[in-house]
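Each structure below is given as structure tokens.
Both complexes below contain subunit A, partnered by subunit B and then by subunit C.
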Partner chain A sequence: MGVAAVEQPPCLGKCVVPGEPIASLPETGTVRVGGGVQQAGRSLIAVKAGVVQQGPGDSLWVCNRQKRYIPNLNDAVVGDVVFCRVEEAARDLDPVLTCMDTAGKAAGFGPLKGGTLFQVSTSHARTLASGPPFLAALGRSLKFELAVGANGRVWVDAPGPANLALVARLARQAEELDAAGAVAAVKEALASGLR
Partner chain B sequence: MAFTNSSVPFFRHDRPAEVIADGKRLDGRDNEEFRTLFLNCGTISQASGSSYVELGSTKVMVGVYGPRQSDRWMKYSEQGSLDCDVRLATFATRQRGRPIQTQLEKELSAQLETALSASVLLHTFPKAVLDVQCLVLEAGGSVLAAVIAAATLALADASIELRDLVSAASVSRVQGIQLLDPTAEEEYREEAGLVLSFMPCLNQITSLTSHGVWSKDELRDAVELAMGACEEIDAALRDQLVQNASQRRDPPVLDEDDNENA
Partner chain C sequence: MEYVNTVGLRLDGRRPNEIRQLRAEMSTLASADGSATFEMGNTKVLAAVYGPREASNRAQTDTSKATVRCEYSMAAFSSGERRRRGKSDRRATETSLAIANTLEQNILTELLPRTQIDIYVQVLQADGGMRCAAINAAFLALADAGVPMRDSVAACAAGYLDGTALLDLNYTEDGGGGPEVAVALQTGLHQVLMLQTDSKLSMEVFEEVVELASNGCRAVAEFLRTTLLAHVGRLSLATSIAKSEA
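So, the complex of A and B:
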């Protein structure tokens, strides 16, 4: 038994609303409860509006478009000039950030020079961080650097202000489009001519 | 110089003397029918969450800001606090309102806070304050009910953790007949009225405000009527939130003539 007591619960991918029951607790075993889910007696209910997803360690959580960021352990975040990792996050204390990964190496963390910083919703930041196809399509024709933070802040750098504006615009727009639409938008932007 | 021409009316339309004629309401609704409901989320882009609700002619817009740091003079608190502010636009009522907050607005704000505080999980944002700003654009009757529904929608849009959605309905008793979702004219002629706010999933009443004289049976009937309406309004709120949460704009599909195919 153990953590995998709730295997592929049928509620995954379902849109839920506050007050709606998601799953009932099984007789034995443990269930990990993530953000947006609360225990009420023998069942788990949603306390946010969004889509039910399974997170790391088989936890159930509700994903939604949120502007506010809630610190989680091991999230990579972008501050004003620094790309760092959340080391300690407790509800009543300020989160502790670090610029080294768990092995003590730099691994791409540290101050970011140049480029531009903008904000997106936390769910879109997660999508961007997972390496969507439109970024790969863009990378084939254009050189750019991208740092995505779980706190919704995205840093982009590219040679030339026109290219920089283009990458930033496409990264933002992709939130409203699905995967195929985003790739199509990239192709269209590149075809319309960029030095 | 005063206007002495008595043929110029002070109000464009007089209030109707009878709101129930032959047992029928002026707008043709049943006694237990509420008006058309229109809901929209994400109306105000700068707010954490927002909503716009129309209940018949009553129009309400709500913006939720925060949770943000509370003022320094407030003592440390393990729980967050909810700061509700209801304003009526000066053009919302029959007679031009005053720009400063009136007694009615203060009362509506307090009633809104009572209705919502049972649902909001305040312990998820300690030391912070959540601002719920409501603007009533047109007060066409059942204002508090519309404000509560709009505020719930805005809180859910802002991803504030809620135990359940709070919906509300109001009932007026006119000439002994109980009318659900009264218009402003019906409220003006009422003998007694009540507003009920309810959490349907948890089956809990969060607030009940009543005025006038109610007998035990009348009160029970009115509360049941309002609870039934709350369940329907709750279903509409849920639909709107699910639609909002699952919305994804696909690129339009064009056929060979470049016309959009739905």
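So, the complex of A and C:
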């Protein structure tokens, strides 16, 4: 896929607990460290309980099922009624939100009218935002609008309260199921609804 | 009263170096950011973590690191007789401070300035060793909440009765009048986070009891590690399948 072959670290996908060493620093070169990983001497250790993943820019980070959201730059978040983007997120200051993308356009941000708002864990929000197959399957039969925030808040709107409740329920249930199971749950829900 | 009989068995049939049965459950409270229930034999403790969140008292905000607070309480139904303890129970305050000080050393507080981490621990069933069970439960709850920590923590207590060092005393053994030493260790770094005793004991006995308690900590550490990995395991399954679909 890429031009340079990036060596996959063997620790990817490993479940870790706080204090567990993930990798040791190589003699030369740079290593990108993401959330949940800290440097301790010549090795990298996990500081959260989760799964080691590779993030943007080949960084190593630990993915965990956190409910509390810590602001990160350029994350899209859903506030009480607003879909916005985290513009400034310094460690020592309050985060600054904006309703425009980096180019200055609206790009889908802004106040959200109607629909319903609910909360999921931050890791499930990430899964939903990446466009899982069950949402595509649902979209083929139902019309709905979905806004997913990295802060774990999800906003859904659909015509009719029954459809709205259905989409919200399926989006929440998908956290407990794997991809194939979620698609099956969608098919089952649609089949029973049409009866 | 005989705490260790002629065959070498204790009141509940354990050997002197045997720990009680350990049980744990994570994410037991939906409203808390992190929660866990931990059982050591009949002692059952529930811990809930709220945070890191904005400090409730602006004046107390520390601009360089997070503030860790703990509130330890015993439910009225936790002991044999229903007894309502007031908020200003001295032992509860002392244990709250012990838990907060122990875990604060382990949390990477400098990563989360101007925030507050609240740990609430409640004893649901009291049968000795509550302090250690509280630390273990609080550690699991902190891990559940995703609070970054330097290392895994395990706590266990040991005592000395009838000329024998005994691991993990229950309520009856605790009331036997012998010394009890509670130890909390960082499992990977092998550092002591807490070592607490309220009794007089000789150097030899002290060393023997601390050694036994440390071994107990290692057993607890293994159990906590298994619990955490199982809790993380489901996330791993979902994530890996999502990756293969992409």
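Here, the second predicted complex is superposed on the first by the 186 of 195 C-alpha atoms of A that agree within 3 Å, B and C clash if a C-alpha of one lies under 4 Å from a C-alpha of the other, contacts with A are read in each partner's own complex, and residues count from 1 in each chain.
Rule of thumb we're sticking to: contacts are C-beta pairs under 8 Å (C-beta built on N, C-alpha and C of every residue); 3 or more make two chains touch, one makes a residue touch a chain.
The structure displayed is predicted, hence computed values, not measured ones.
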Fit or clash - subunit C, subunit B, common subunit A: clash
Identify the partner contact of A:Pro18: answer first if only subunit B is touched, second if only subunit C is, both if each is, neither if none is. both
Partner chain(s) touched by A:Ala107 [first = subunit B, second = subunit C, both, neither]: neither
Based on the superposed arrangement, let me know which partner A:Leu97 touches: subunit B (first), subunit C (second), both, or neither? neither
Looking at A:Ala184 after the superposition, I want to know if it touches subunit B, subunit C, both of them or none. Which is it: first, second, both, neither? first
Using the superposition on chain A described above, determine whether A:Ser130 touches subunit B (first), subunit C (second), both, or neither. second
What residues on subunit A does subunit C touch that subunit B touches too? 15-21, 36, 38, 45, 47-51, 64-68, 91-92, 177-178, 180
Subunit B partner contacts - residues on subunit A that touch it in the complex: 15-21, 36, 38, 45, 47-51, 64-68, 91-92, 176-178, 180-181, 184-185
Sort out for me which residues of subunit A touch subunit C in the complex. 13, 15-21, 36, 38, 45, 47-51, 53, 63-68, 70, 91-92, 123, 127, 130, 132-133, 175, 177-180
Show which residues of subunit C lie in contact with subunit A when the two form their complex. 27, 33-34, 51-53, 63, 108, 111, 113-114, 143-152, 186-189, 224-225, 228-229, 231-233, 235-242, 245-246
With touch defined as at the start, can you tell me which subunit B residues reach subunit A in the complex? 48, 67, 119, 121, 126, 156-157, 159-165, 199-202, 237-238, 241-242, 244-246, 248-251
